[in-house]
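Letters A, B, C and D mark the chains as written, and numbering starts fresh at 1 in each.
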Amino acid sequence: MSPLLRITDLVLETGPAAAPVRPVSHVGFEVAHGEAFGLVGESGSGKSLTLRAVIGLLPEGVRQAGGTLELERDGAMRPYRFAEVRGRGIGMVFQEPMTALNPTMRVGDLVTAGPRARYGWSRRAARSRAVDLLAEVGMPDPKAQARMWPHQLSGGLRQRVMIAMALATEPSVLLCDEPTTALDVAVQDQILRLLHRIRTERGLSIVFVTHDLGVVRRLCDRVAVMYAGQVVETGRVEEVFTRPTHPYSAGLLRSMPTQDTPRDRPLAAIPGGQPGAGDRPEGCRFAPRCGHALPACAGLAHVLAAVPGSPSRSACIRVADLGGPPLDREALLSPLPGGTA
Amino acid sequence: MALAPAQVLGRRRVRRDPGATGTAALVTGAVLLALLLAASFVSGALTGHDPALTDLTARFRPPSPQHWFGTDQLGRDVFARVLVAAGTDLPLALLGAAVPAVIGIVLGALAGYARGWIGTAVMRLADLIQAFPSYILLIVLVFLLGPGAGSFLVGAAVGAWVTYARLVRGVVLRLRELDYVRAAQAAGLGHTRVLLRHVLPNALPQAVVYAASDIVLALSYLAALSYLGLGIQAPGIEWGQMIADGQPFLRNQWWVSVMPGLAIILVGVAVRLIAGGLERRLQR
Amino acid sequence: MSAGTPLLQVDDIVVDYRPRRGRTGGPPAVDHVSLDIPRGRTLGLVGQSGCGKSSLARVIAGLAAPTGGTIRLGGAELPAPRGRTDATRIQMVFQDPGSALNPMHTVRRTLTELLLVHRRAAGRSAATDRAVELLELVGLGAAVLDARPRGLSGGQRQRVGIARALAVEPEVLIADEAVSALDVSVQAAVLNTLRDLGARLDLTMLFISHDLAVTRYVADEVAVMHRGRIVERGLPDDVLRNPRHEYTRSLVAATPRMDGPALSAPEEARPV
Amino acid sequence: MIHSGRFGFVGRRLLQAIPLTLVLLLLVFAMLKVVPGDPAMQVAGPRASAATLQAIRVQLGLDQPVWEQFLHYLGRIATGDFGTTATGSTKVGTLIASGAPVTLVLLAVSTVFTVLIAGATALLAARRPDGLVDRMINVMAAFGVGVPTFWLGIVLLAGVALPTGAFPIGGWGDTPATVLRAAVLPALALSVSVAPVLMASLRSGIVEARRSEYHAAAQAAGVRGWKLTRGFVLRNAAVPPVSLLAALTTLLLSGAVVVESTFGLPGLGLSLTQAAQNRDFNVIQGLTLVFSLAVVVVNLVGDVLVAFLDPRVMV
């Protein structure tokens, strides 16, 4: 059946129209009903901008220069206007619990601000619904906490209020912009479990932006790996994490130490650094740092192609001739010197 | 001096086009002031009129090609006198901003870096001084020390340092917590060296930008004091005083009183250019 | 971890930020912590924000005086505040690349100032040569000498931070979340450099982090800190694979792992 | 609970104001000691004999220990007795009583002008941050701050009052209508130099609120239009300007001293200037006290307003 949300060929631009800089170029992905979709990448990859473009909340100076955003409605994918979907089809949770809640508004009023504006809840109805919503996100004392101010709550509780606020308008897709990055590991675990519970109970789809591969593994069904403003690989999480089909994803997975990373050898770091939005090379943007790059890669048009023998899709043209995934097999490990990133 | 308006204006985080390095504004402003100051020494030669020469036959001439700003009740050329007055107003305005700047920066840096009782003492003193509205403070000092440039400078020093101290203390308190300051301390560099070489240089830019716009304030206080007859006394020539002397003839000879004000505004524009230029250069 | 008396001995350190009379109820930030690090070894200190690990680090580095307890280096107690020479014996690498270096100084000035003040080099040109050596040691070169922090990447800034710490030839290096703010691929490269330096210079290191896997990779021994106390200490794989203390167990379970179970996996569906 | 936090905060600010007031009283009293020349001589004139001077000193209580004189001074202040003017004709207390309403009306009208000018320009400037309008308003604001109040008063007199006759060219009114008419031009002159400060603060408050994450979160939840602006922009943008209000009122008070002399308004400002010109000590001492106490009160009101507007202010 058709997906719930589809982004095709998204292009974001900033800077003067004459010589624009493109932090995000030709990004596309689909999110199925009730699916948790991870958008992972390092800082500067454009993952956060992409997420904000989905709900049209781009920061000042950044504009959408191309691409279509579609939401499934009665069986068909139809482009949507932001005013239609905000507080109805799509909800959003932000990273910094300190700055994402209006400091001069009580928690109860904040949580129901959306539905009061969209569905015209009365003040009295809103007050009782607020307590229910805060209870649903696991607040220890919803009635009292509804009357408190955001700065009186801990980071974890504030993030729960943030989630309650997004859920208040019954969205079908919840966009999450690194909601647990600023939290303690223990609190992060609770929030991830909360998101998972709500997703299963409400059949909600989640688009989760993070730089933490462990969080993606924990929460997401499918993932898209972003690098220098493009999606370089997309597929099911177990597939991508065990049999990566793009050298960057493989390098990223290898460079992160796990419980059983051998301690007597250097980590396989990726040499060099991710190019900023202004100075990205032609063709495959990872080529300058890629151990398997060929001259052809420099002239490559970016295409997310199917990969023989793997359900994932990859932008690397050499996947086939390197013997297919996983690209981080011992044989393929060209000596990646300890990088000087 | 209770609260320097320019302080709020100075703190705008405005995304100016990165190209303009601010030097253009800085240079224009500085040149304007320098020209005005230079002209004050040669105003007679420059305008062809002796600023002090009274000529009763030439009383109250309106502004004309010969007399750009017209003539006053004693037939003296107003433009020539405005230029001469620059020699009094500009240096005093610069001093009126510089003296409190030094006091405020030193006390602010100490209050921010040392914290403890020094910090609270400086801040309580600041609260006390800011309880007196600036003109009242000035007028009381004039009463105690007599009119003239002296009491203006003392008033500026006593009143205006507070804003600098608050600004610098705030910045130093923030810088003090940054890793590179901790690293310098951990590396065995003494507190004086850390404060002078690592903390203050990063706090000064904001203070300097504010100081540039504080000159405008100092000038307006000096002119106001003289306008009230409590600042520069005759035979000294000063813009505020000229405005006051011309006020009785406002009905028909408006230019005598209005024209000196233009010079004050010109200085305001020039200093504003310098402040803007400085800010952009330091932000780069 | 025997090998004679340990180089760094931290005994019964207490750090309490509350004013004297307000110290009722609740533990102090650092609650009677003792630890030691043998020469040339690396101790990992793991804990979540607010567990007191940074307060402990600042006391050991001499940035703050402890409320109680002593710090001994090579057997002799370090006075607080430390004199100029004592101050150089323990150096720290900080977390935030954005504020680790003085934005107004070039890398050259940051390094040469220390070398000259502590007479580790006689004269400006000798200091510059030594600075280049230090930069090469941490995987950078003379090319970054005249760059300002603004012109460097996060990874490069942290490397200059390491070079600065090594400039005064310390006996103990404290890395306080030194790689936490870096992206994963850059973090790996800087970790490699730290490990490489540890071996080449026989450095004694205290590696502080909230990340279990990173600490396990870098350290010879791992201590877990919780609410101001060390709750567990042991070999990295033991602490991670079969943690003895309840808190460590909950920490290991809560940390999402790339090779760990997904929440959608059946056995994970515990109630929240 | 929550409310006690705020009233507790206000209570604390009140307590803090008392020592400040006492110190002010002490400073103002001490001014007497610093004054060059002998107070008794001022009363009796330079040619008076030593005996008369001594008698006056006793009569003025100058021979008693200082702290007793201070208590005596406090006693007199409490009963509104600020001594007599240099000419001895009127009591300083009555001078203050007659001048206060004029200065208060001037302050009130100029505050209204300041808020209106600042509010309008801030909203205009904040519509498109760094846009043409925003930059133009910033330039005008920088102008406004640089324009001396008294000169602007003169320009208004020459450019508006004299030619049109719609406004008196000086002096005060006696009926509410004439008072208002007399207050318009001076208040306008006064507010032009202060409005830019309020405008800049309000403008940056609005721009920052619009660029904040809580604003984006509200938009994502479907909050739009006036509800979004009122609840998520204005409510937060108002905090910085309100905290500035006290400082701005002090600026207005300070400016009033000069404007009153330009327009010849019989307020406390004019009395202060004249007292300085005629070296009338009692008037200066009394007015300095009144002005500084006014500032203490204004700061208190400012703190209370901020406490009620911004819940984080519980310090």
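In this text, contacts are C-beta pairs under 8 Å (C-beta built on N, C-alpha and C of every residue); 3 or more make two chains touch, one makes a residue touch a chain.
Which protein is which chain? UniProt says A, C = ABC transporter ATP-binding protein; B = Nickel ABC transporter permease; D = Peptide ABC transporter permease.
Keep in mind that what you see is a predicted model, and the values were worked out from it rather than measured.
Find the chain most remote from chain B, comparing centres computed as mean CA coordinates.
Chain A.
Determine which of the two chain pairs, A-C or A-D, is joined by the larger number of C-beta pairs in contact.
Taking the two pairs in turn, the one with more contacts turns out to be A-C.
Once you find the CA centre of chain A and the CA centre of chain D, what distance in Å lies between them?
54
What's the distance between the Cα centroids of chain A and chain C, rounded to whole Å?
31
Check each residue of chain D and list the ones that touch at least two other chains.
Within chain D, residues 129 contact more than one other chain.
Identify every two-chain combination in which the chains touch.
A-C, A-D, B-C, B-D
Going by the contact rule at the top, pick out the chain D residues touching chain B in the complex.
My answer: residues 20, 23-24, 27, 31, 34-36, 129-130, 138, 141-143, 145-151, 154-155, 157-158, 162, 193-194, 196-197, 200-201, 204, 244, 247-248, 250-251, 253-255, 257-258, 261-262, 272-273, 275-277, 279, 281, 284, 287-288, 291-292, 295-296, 299.
Touching residues of chain A toward chain D in the complex: what are they?
52, 55, 57, 59-60, 83, 86-88, 90-92, 94-96, 99-105, 113-118, 147-149, 151, 162, 165-166, 168-169, 175
Can you list the residues on chain C that touch chain A in the complex?
Answer in residue numbers: 48-50, 139-140, 153, 155, 183-189, 191-193, 195-196, 210, 212-214, 216-217, 236, 240-241, 250-251, 253-264, 270, 272.
Which residues of chain A touch chain C in the complex?
36, 42-43, 138, 184-186, 188-190, 192-194, 196-197, 211-215, 217-221, 237-238, 241, 251-253, 255-261, 263, 266-271, 273-274, 338-341
Which bits of chain B are touching chain C when the two form their complex?
178-180, 182-190, 193, 197-198, 201-202
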